[in-house]
Amino acid sequence: MASNTFGQLFRVTTFGESHGEALGCVIDGCPAGLEIHISDIEKELERRRPGAVHGSRDEQDKPEILSGIFEGKTLGTPIAIIVRNTNQNPADYDKLKDIYRPGHADSTWDAKFGFRDYRGGGRSSGRETLSRVAAGAIAKKLLSLHGIEIKADISEIAGIQDPEKIKIRLEELKTEGDSAGGIVNCIISGVNELSGLPIGLGEPVFDKLDARLAAAIISIGACKGIEFGAGFTAAGLLGGENNNDKNAGGILGGISNGQDIVFRAAFKPTSSIKKLQTAKDKNGKEVEVSVTGRHDVCIVPRAVPVVEAMTALVLADFLLLSRSSRL
Amino acid sequence: MASNTFGQLFRVTTFGESHGEALGCVIDGCPAGLEIHISDIEKELERRRPGAVHGSRDEQDKPEILSGIFEGKTLGTPIAIIVRNTNQNPADYDKLKDIYRPGHADSTWDAKFGFRDYRGGGRSSGRETLSRVAAGAIAKKLLSLHGIEIKADISEIAGIQDPEKIKIRLEELKTEGDSAGGIVNCIISGVNELSGLPIGLGEPVFDKLDARLAAAIISIGACKGIEFGAGFTAAGLLGGENNNDKNAGGILGGISNGQDIVFRAAFKPTSSIKKLQTAKDKNGKEVEVSVTGRHDVCIVPRAVPVVEAMTALVLADFLLLSRSSRL
Amino acid sequence: MASNTFGQLFRVTTFGESHGEALGCVIDGCPAGLEIHISDIEKELERRRPGAVHGSRDEQDKPEILSGIFEGKTLGTPIAIIVRNTNQNPADYDKLKDIYRPGHADSTWDAKFGFRDYRGGGRSSGRETLSRVAAGAIAKKLLSLHGIEIKADISEIAGIQDPEKIKIRLEELKTEGDSAGGIVNCIISGVNELSGLPIGLGEPVFDKLDARLAAAIISIGACKGIEFGAGFTAAGLLGGENNNDKNAGGILGGISNGQDIVFRAAFKPTSSIKKLQTAKDKNGKEVEVSVTGRHDVCIVPRAVPVVEAMTALVLADFLLLSRSSRL
Amino acid sequence: MASNTFGQLFRVTTFGESHGEALGCVIDGCPAGLEIHISDIEKELERRRPGAVHGSRDEQDKPEILSGIFEGKTLGTPIAIIVRNTNQNPADYDKLKDIYRPGHADSTWDAKFGFRDYRGGGRSSGRETLSRVAAGAIAKKLLSLHGIEIKADISEIAGIQDPEKIKIRLEELKTEGDSAGGIVNCIISGVNELSGLPIGLGEPVFDKLDARLAAAIISIGACKGIEFGAGFTAAGLLGGENNNDKNAGGILGGISNGQDIVFRAAFKPTSSIKKLQTAKDKNGKEVEVSVTGRHDVCIVPRAVPVVEAMTALVLADFLLLSRSSRL
């Protein structure tokens, strides 16, 4: 698996730098006959471009489908989707050209590739998740046909759970030029409450459902941890306490057991802050830096549709893989 | 990637049921010329077979190398290693044949495959990790040549950190017929303190170093969560607080930055307990069950070398992959 | 490997239908720092769009690079290239909507996917090779840096080897509304005659250099056969006669031996001919059909750059893979 | 895909050197519930160990199943099969230790890996095909359940088609210390003549049925060419002549069309001959060499079951993959 491709049967390849010509994805392996309308993708991208969400930057993201859809349905061929970058102003980034912003991948990319697109983080920008959301929109349509629904939401931000208090705290942090992290909760459930989720999704031994979900979610830029069901709490329980389905989080031995699948993901605070920080430049010299621009005070609200998208990609893949279990 | 194969360039395929003829692995992609002695593998398997460790069952695991080594060195061809199962007594499991043990994969395997090896969990047994440890031993040798060292240890068991108190608590639980979970801590560091870890391991976007480590570790049977660097704690920090290398856990943008890589993994308590539990049988009928046998009161001590092995497999793969970053 | 992705480290994903919005490719795994200019791609596409070549249809194929190149060099991130379809007139194909053209994939696609883009063959059109050529242009640049050159040419068309006679024969066939097949010869050699080709490209056992080349070339639409070195002739030779390097075609045991690699590929005649043929329609009814449009009398001249492109993709991949053979 | 693993869903990993401890394979992805008896494997291995076949060396190959089968049926877990090497006498090979036998992979392996198992060719020995045949036996069982049958036979040896004359010619060559090549013909057909082969096997664009078969067959040691349907002959036909199903060889656009699939594969003469040849040694010095031992005068008879096995592996994989084409 190349590093910009995800999945085995339902496969997504993404591309694009933050300030390049365009970002996009190619979805290969989506079964033929699935009805797709451009609005299915726009709707999800809109959730990621959070006008109403506190402290998020504004972007106009118009998807275009280049292939794979004919007469409103998938052909079984690769679905290419692109979103052009507009109103990028590379000049904004000239002053950061030689500085390794704290918490960012600037230094590691330079070390690895000897060279990088310094404009807004290039490929390591959070903007990359746009491609994931576009691809996830297709996966969600497939899953919904098979009675599977994915719903993520904000569990807490800056340690606060009350939405009103979160809002106030984020305004404060904006003023202070600082940022906050948080936790996203995600539930995968059956659309039909009676039948529940399909049983048997996930593949032993290395491609357990939770293992693949973990890779999918941790691969999102700022994610620093994930737990399933009782998670870290389970580590402190006794066997007699822990042995019930709720703590399992819907997965036993890496395979879905038909109950809701539940996981939580931790996101670190936005690394780009206006507040002065000490950083290093290309030559190892210490410099004071204030990272200005349209950065989110907290990326957690925008991470919600990304978590859903990555979850959908994993589930769609396992749905197709599960067709090979039996004769 | 088939579900019993792990890795892209340094690849491991494992096989074997708990009470079948043998377990083993095939390591494909190990560079030629690496010195390997059978004792390298025995030593790691011995750590997983913890005589001295509290509450672990005894096994005699003798590895045999079938291919890939010639005159003491790897040939660049697949290295096959097998360990025969001895003294298994399938009769022990006859009474559990039609019962779905709580916390186990019995029901999900039946649902997925329509059929399963009920003897000790078959392929979903913790015994499967033996193959991982054997393969990890080869990966460790390769890594050590490149100055990389992996060291996992017990962070806490049953919420307790003091080794002496853990010992006492496990004895109590054994008597009570119950079990405990815990947390494993893992550090990847450079053998040479001055040069540190290689920078540039990990591949953007989906194969970030932490994403692949997460999949590797969560794929271990009882693991329910993982966090890198400050992990879930980072979710409550402000950007100004979190933006330092210690919290990053040695990884920025999915790529190693040369500092120690640190993660923690949560393991649930052993599902097999002597204490009476309510279970369901194949026909959905509720039954009372006591799972007897040589089960570990706590698998965390034996998870330590497994965590190291999986970490080694990920690192070895990224070491080879990193050779493609530049012209 | 999904079916629209090719390669393991140097990986290409292609997309696009003959009469959809655009065709294109995403190249993942190209090392960073390689100089690429849009003209590198245009030049190869131009060879595929053979104005001067006898009996080929005219197309205007303008490539656009969407990502992966910064300041004229590859970033190590995915390189997305698209070519918009222009002046397609789907109405041309309405009359063939329900007819399975002889020699084409119309019937098999309908059987497989239950549905197809009937406009010019959709994804199964020869136009799909445009994406291969665009990707191959990048691979060629990488190879040329490492002293590897690929040169394909026409060995024969309609059984004729003399270029002048071929030209006359193709004019005749055009008048008759018929078509011709032919054979393409391909040589991979070292740019520097003294040093020759790199030794050691190709991976045992299943990814032998010739095995992967065979898959690459046979995957080109009309290709019906391939032979390496002495090929089918070798089947009639004695060991004493055959055991010389020339007959090996530069490959021993699936690995390059430093000498020129030589293979020949057979292409069937264009299936789309004006001449009346008996075909079946969707309902199994026999109909007489004349396939009009701008079809090539012989696709062999245009197959030449496609053969080179696929060869380049294989070689680029093996070049990167060969870096893992040793410690 | 690592080079010793073949297939995407029905996957086989092989291992073993000619004179090492054992050879074998691990089959991952075989659906659960398939009845397998050790005799299914023995029967195919016996066809490869051709007592009655002219000029083949004798071996006793006893397969042992280590995992994946329970109560006579596949579990859906990896099936590991090993065959121990017996009566190998490495001393036989000492004199060839530093000599690069003409037509063999000795020199290329040394160049690639810096080191090789010189005993009988090590991993590059034809004995490696034993693992393919063992795995193919499982694939054949799966295919036969789905009405698919594979039948290969000798088309010609040393340019001769008459079996009696072939026999005589091989005896002559044995006496002369020389060897012969030949052509294998293979037909894939439906067990039930009325229903024929399944339509829709094969995946566009790069994983066309013929492309994958080509890779599978050319990956067999001595194979130098392959052609489908009319093959190289088609290159000389006109479109009007070629456009019929017989010439297509059962494949249109890379997808099976329900008719018999037909291909021919060319095998070079055995490289190991008793006749004196000029070879080079490790230091580039020319030496005269006579390769003695139990080498086949012609490997074509033994290639027949290997061709069938590889074909079965490809078909089994596509059978499972075809389940993803539709919703």
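A, B, C and D are the chain letters, set down in written order, and residue numbers restart from 1 in every chain.
The rule is simple: a residue touches a chain if its C-beta (ideal position, glycine included) is under 8 Å from a C-beta of that chain, and two chains touch if they have at least 3 such contacts.
Treat the numbers as computed from the prediction; the structure is a model and nothing was measured.
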Among all other chains, pick the one whose mean CA position is farthest from the mean CA position of subunit B. C
Of A-D and B-D, the pair joined by more C-beta contact pairs is B-D
Let me have the rounded angstrom distance from the C-alpha centre of subunit B over to the C-alpha centre of subunit D, please. 36
Determine the centre-to-centre distance between subunit C and subunit D, using the mean Cα coordinates as centres, and give it in whole Å. 26
Could you work out how far the Cα centre of subunit A sits from that of subunit D, in whole Å? 44
Sites on subunit B at which at least two other chains make contact: 2-5, 8-9, 14, 29, 32-33, 76-77, 112-114, 123, 204, 325-326
Under the definition above, what is the set of subunit C residues touching subunit D in their complex? 1-6, 8, 14, 102-105, 107-109, 111-114, 123-124, 128, 156, 158-159, 173, 178-183, 199-200, 202-208, 210-212, 214-219, 221, 224-232, 234-244, 247-249, 252-258, 266-273, 275, 277, 322, 325-326
Complex interface listing, subunit B residues touching subunit C: 8-9, 29, 31-34, 76-77, 142, 145, 204, 320-321, 323-327
Subunit C to subunit A touching residues, read off their complex: 2-5, 8-9, 11, 13-17, 20-24, 26, 28-29, 32-33, 64-68, 70, 73, 75-80, 82, 112-117, 122-123
